[in-house]
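Both of the next two complexes hold chain A, though its partner changes from chain B to chain C.
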Partner chain A sequence: MLLEVRDLHVEFRTRDGVARAVNGVSCQVAAGETLAVLGESGSGKSVTAQAVLGILDMPPGRITAGEVFFRGRDLLKLKEDERRRVRGAELAMIFQDALSALNPVLSVGDQLGEMFVVHRGMSKRDARARAVELMERVRIPGAAQRVRDYPHQFSGGMRQRIMIAMALALEPALVIADEPTTALDVTVQAQVMDLLAELQRAYTMGLVLITHDLGVVADVADRIAVMYAGRIVESAPVHALYKAPAHPYTRGLLDSIPRLDRKGRELYAIKGLPPNLMRIPSGCAFHPRCPMARDVCRTDEPPLHAVDEDRGSACHFWRECLDG
Partner chain B sequence: MGRYVVRRLLQMIPVFVGATLLIFLMVNVMGDPVAGLCGERQCDPATAARLKRDLGLDKPVWQQYLTYMGKVFTGDFGTAFNGQPVTELMATAFPVTVRLTIVAILFEVVVGIALGVLTGLRRGRPVDTGVLLATLVVISVPTFVTGLLLQLLLGVAWGWIRPSVSPAAAFGELIVPGLVLASVSLAYVTRLTRTSLAENRRSDYVRTAIAKGLPPHRVITRHLLRNSLIPVVTFIGADIGALMGGAIVTERIFNIHGVGYQLYQGIVRQNTQTVVGFVTVLVLVFLIANLLVDLLYAVLDPRIRYA
Partner chain C sequence: MAEPILEVSGLVKHYPLTRGILFKKQTGAVKAVDGVDFTLAKGETLGLVGESGCGKSTVARLLCNLERPTAGSIRFKGEEITRLSGRALKAVRRNIQMVFQDPYTSLNPRMTVGDIIGEPFEIHPEAAPRGDRRRRVRELLDVVGLDPEYVNRYPHQFSGGQRQRIGIARGLALRPEIIVADEPVSALDVSVQAQVINLLERLQAEFDLSYVFIAHDLSIVRHIADRVGVMYLGRIVETGSDTQIYDHPTHPYTQALLSAVPVPDPAAREHRERIILTGEVPSPTDIPSGCRFRTRCWKARERCALEVPALAVPEAFRHTSGPAAHDSACHFAEEKQVVPVEEHGNGPG
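== the complex of A and B ==
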């Protein structure tokens, strides 16, 4: 297994109290596999990714428990300097907003080339040549000239391509993409997503795709992990999940996608708001918003039941949910 | 870029005329330009009238101003009362003040930025609180107090330095006066660097730099500092003009015969030509320093384009 996260807990200590952002996340990604992590804002998707990569702001963040095995080593037990060498080279990240995630005062060539200078000890000149190659690889027109340009001189889609090129520079084994297309125009979203999927196949790398967009997920993901209040509430192969969700939260998400055959009817929305991470509800965190909630949901936290051999649901009534 | 520079240079003309006209009027109309010529005594009316006629002071003020400005552009700033050309005074005073300013700027750059980086990266720790408190003290205590105190302690009580700077005013002698002159700006540079650093530290591109697996020193120098120092550099640049003209107090305390000293003497002795001449040059220094800062800004931040 390329990446295996076991029972990860992350909390943030703030002036108002302790926010429990990640509460026992376990998941796996195999080489060449795409795992989509789905959930509302504040469900702990990005925090999990940052903890895995080791770029969590600590303090206020704190990893209170868990293990992150990457290629057989527990990243959380590595020294910072060893961990740094893994970061970027073997395990890379694509951020949401490329305009703010790229350094505004350095040319894109410098920022791309930096990967080769730091991790491979290349000369600046060779690194610059590799930067041009990378820009061609992500199909940026006129790469040789544009390598000297600054991030603000590119369009949103082109900037995100540069972000992708930077993450893939050293052909990492695993890439975490945190909402890579959210900041883009809808027309550009598909292009960028296709490019990412294509490069993933070419390099046979693992991909963790963090998103709240179910439309993006269906085409590219192999597996889906649905997160709610810092836990994975359902984990399943993509087709099985779309066919019949085994958790009422997943069902709610699927029902809230606009569909042509329901045109004219009111769009379903999950009632209520995501929980406050400082006061996560007792029992099943989803029970205040759940249409199927019963007394047991308020008191007992459901474990991740095995629905199938590669499928799990953290719902007491997953059977009923699956039957619809 | 070229057109921007030309436009800025053209904009300087009205500012330059306005500033020099103002100082010219203040000295010639509100004061009595010949009062200083007769020394301590009051001039007798006949002599005063003759002096005024000789110096062209009986003509209308606008004509006097034009004549003066015309001469300034040929390099003639008139003569002081002791018969010495004002340009000669400038030739001895400006190099001294330039040296003093260089020392002061070096303190701002080296000490100010170093303290700012130190505190910016250690926000909330004892070193941060300590330095912050010290800057507050420096900012709130007037320069003449800091200056006199350092002169008394280092110069008189402990004898580490000579309390008064020699006419040669070598760099070595200007270290303590330079520190005094820089003190307030230095405190501001520290605070500005600290705030800017702390702000940019949370930015997305710094997080990206860490995610790229860059070593910490590279993240700080190449990504964090490069961005955080843009406002600091512009502050220091703009401060050059202020330091050159604002050294009056410091130069008085340490008896440095620079621009501030000459200006002070000129004002006290109602030496019209000296005051107007020096202020004119200072206005020019100020304007050029500001233009250079604005151009530097575009070099440091590629997002800024001048057209």
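== the complex of A and C ==
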């Protein structure tokens, strides 16, 4: 297994109290596999990624428990300089907002080249040549001429390609992409997702795709982990999950999105709001919004029940949910 | 079709680009909206879709009289409203209200919810007598599904979805006949989006509202709109009923746009053809000659560079009565199905 997260807990200490952002997340990613982590804002999906990558702001953030095994080593136990060597070379990240993730005062060629200078000890000249190759690889037109341009001189879609080029520069084993296409227009989003999928196949990388978009997930993911209030509430192969969700939250999400391929009647709306992470409801965190909730849901936190050998649901009544 | 409540024709908005400080010289123009025509019937929802920079938000601002068009006409119940001023302008504005995208920046953080929703009454005192305003505000909160007791709270005490409800309540305060909603749900989480969409639909039925619904999300527009206009670089390139546009598109841009939308059904991924457009949207300061889409179109021929295609029923479909016979600004319009037809049909919708 390429990446294995075990029982990760993260909290934030704020003036108003402790926000429990991640509450026991466990998941795995194999080489060449795409895991989609789906959740709404505040579900803990990005915080989980930041903790795995070691880029969580601490303080106020604090990892209170858990292990993150990457190629057999626990990343959480590494020293910062060891971890930095892993990050970039073996483990890379793609952010949502390329404009703020790229350095505005360095040309894109210098930023791409820096990867090779720092991690591979290349000369500046060789690094520049590799930068041009990478830009061609992510299909930036006129790469040789544009290598001296600065990030602001590129369009949103092109900047996102540059960030992908940067993440893939050292051929990492695993890439974590946090909403990589959310800020892009739909036709550009399709271009960028296609590129990402193609490069993933070429390098047999593991890919963790963090998103709120059920459409994007259906298009590219092998497996999916649905997060709610800092926990994975359902984990399943993508076909099985869309066919029959085993958690009422997943079902609610699928029923609440308007569809391109059919004219809907009234949309199903999950009642209420996502919980405040400082006051997560007792028992099952979803119970105040759940149409199936019973007494046991208010008192007992459901474990991740094994629905199938490769499928889990944190619902006391997953069987009923599965039957619709 | 019912009598139109809004008729837009030849609408143009150009923002001049100037050079020089003392002696300004116009060197060009950003052609944000470059000839838009449509009508809106009473009680109908027109969806305008397009990617960023296509001019859809500028159209919204022009409809609400927040900006003056460079050319063209907007008629509200037969009356030309683009050249109004003073009292007449105020009266029209009362009838066409706007709901904005971002519920975080469109509400004044220093005003209570009651003051925000009641503010339209300050500007249009004739809409509600002073003594009655408090009651009206509470009523509006109730209509959009918020507790009337919240009237003294501030925007930061609400979630994004609740703030959008406040924005909608403000839009309804003056009992307008038309609401122009510019990306009203795109800043909201999926589970909250559905609540707000359902609210907008309920209010439409309750108050007999007409909507111009502007969004980049084609699935949401299909859900809410009766008719759809697809915009590209300042113009509507194809328009028709939701079935005509989604199931029988004839303009290549519409086809590419629809084919790029992810469908939440992994079973569709194998047998779906994606049209990946090459290149990028040209700058609105330098619009291509002839058909403005030709620089990215896989069908483009010589004629496309020379002749601007009119938004009309294409020659090929002019004598047919099928769903492909709708307005499409393409010289080589062909019907092509790009949205997968659902087979299993066990979904909830």
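In this text, the second predicted complex is superposed on the first by the 320 of 324 C-alpha atoms of A that agree within 3 Å, B and C clash if a C-alpha of one lies under 4 Å from a C-alpha of the other, contacts with A are read in each partner's own complex, and residues count from 1 in each chain.
Keep this in mind: a residue touches a chain if its C-beta (ideal position, glycine included) is under 8 Å from a C-beta of that chain, and two chains touch if they have at least 3 such contacts.
Fair warning: this is a prediction, and the values are worked out from it, not measured in the lab.
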>> Quick check on the superposition: with chain A as the shared anchor, is it clash or fit for chain B versus chain C?
In response: fit
> So, does A:T204 touch the first partner chain B, the second partner chain C, both, or neither?
Replying inline: neither
> Is A:R85 touching the first partner chain B, the second partner chain C, both, or neither of them?
Replying inline: first
> Taking the superposition as given, does A:Q191 touch the first partner, chain B, the second, chain C, both, or neither?
Replying inline: second
>> Quick check for you: in the superposed arrangement, does A:T299 touch first (chain B), second (chain C), both or neither?
In response: neither
> Which angle, as a multiple of 10 degrees, do chain B and chain C span at the CA centre of chain A?
Replying inline: 80
> Which of the two partners, first being chain B and second being chain C, lies in contact with A:S123: first, second, both, or neither?
Replying inline: neither
> So, does A:L273 touch the first partner chain B, the second partner chain C, both, or neither?
Replying inline: second
>> Looking only at contacts as defined up top, I'd like to know whether chain B or chain C touches more of chain A.
In response: C
> If you stack the two complexes on chain A, which partner ends up touching A:T14: first (chain B), second (chain C), both, or neither?
Replying inline: neither
> For the superposed model, what is the least distance in angstrom between any CA atom of chain B and any CA atom of chain C?
Replying inline: 9
> Where on chain A do the contacts with chain B and the contacts with chain C coincide?
Replying inline: none
> Within the complex, which stretch of chain B touches chain A?
Replying inline: 202-205, 207-215, 218, 222-223, 226-227, 230, 300-303
> Mind pulling up the chain C residues that touch chain A in the complex?
Replying inline: 51-52, 159, 161-162, 189-195, 197-198, 201, 216-220, 222-224, 242-243, 246, 256-269, 274, 276-277, 280, 339-342, 347-349
> Which positions of chain A touch chain B when the two form their complex?
Replying inline: 53, 55, 57, 81, 84-89, 92-93, 95, 97, 100-107, 114-115, 118-119, 150, 152, 166
>> Help me check something: in the complex, which residues belonging to chain A touch chain C?
In response: 40-41, 155, 157-158, 185-191, 193-194, 212-219, 221, 238-239, 242-243, 252-271, 273-274
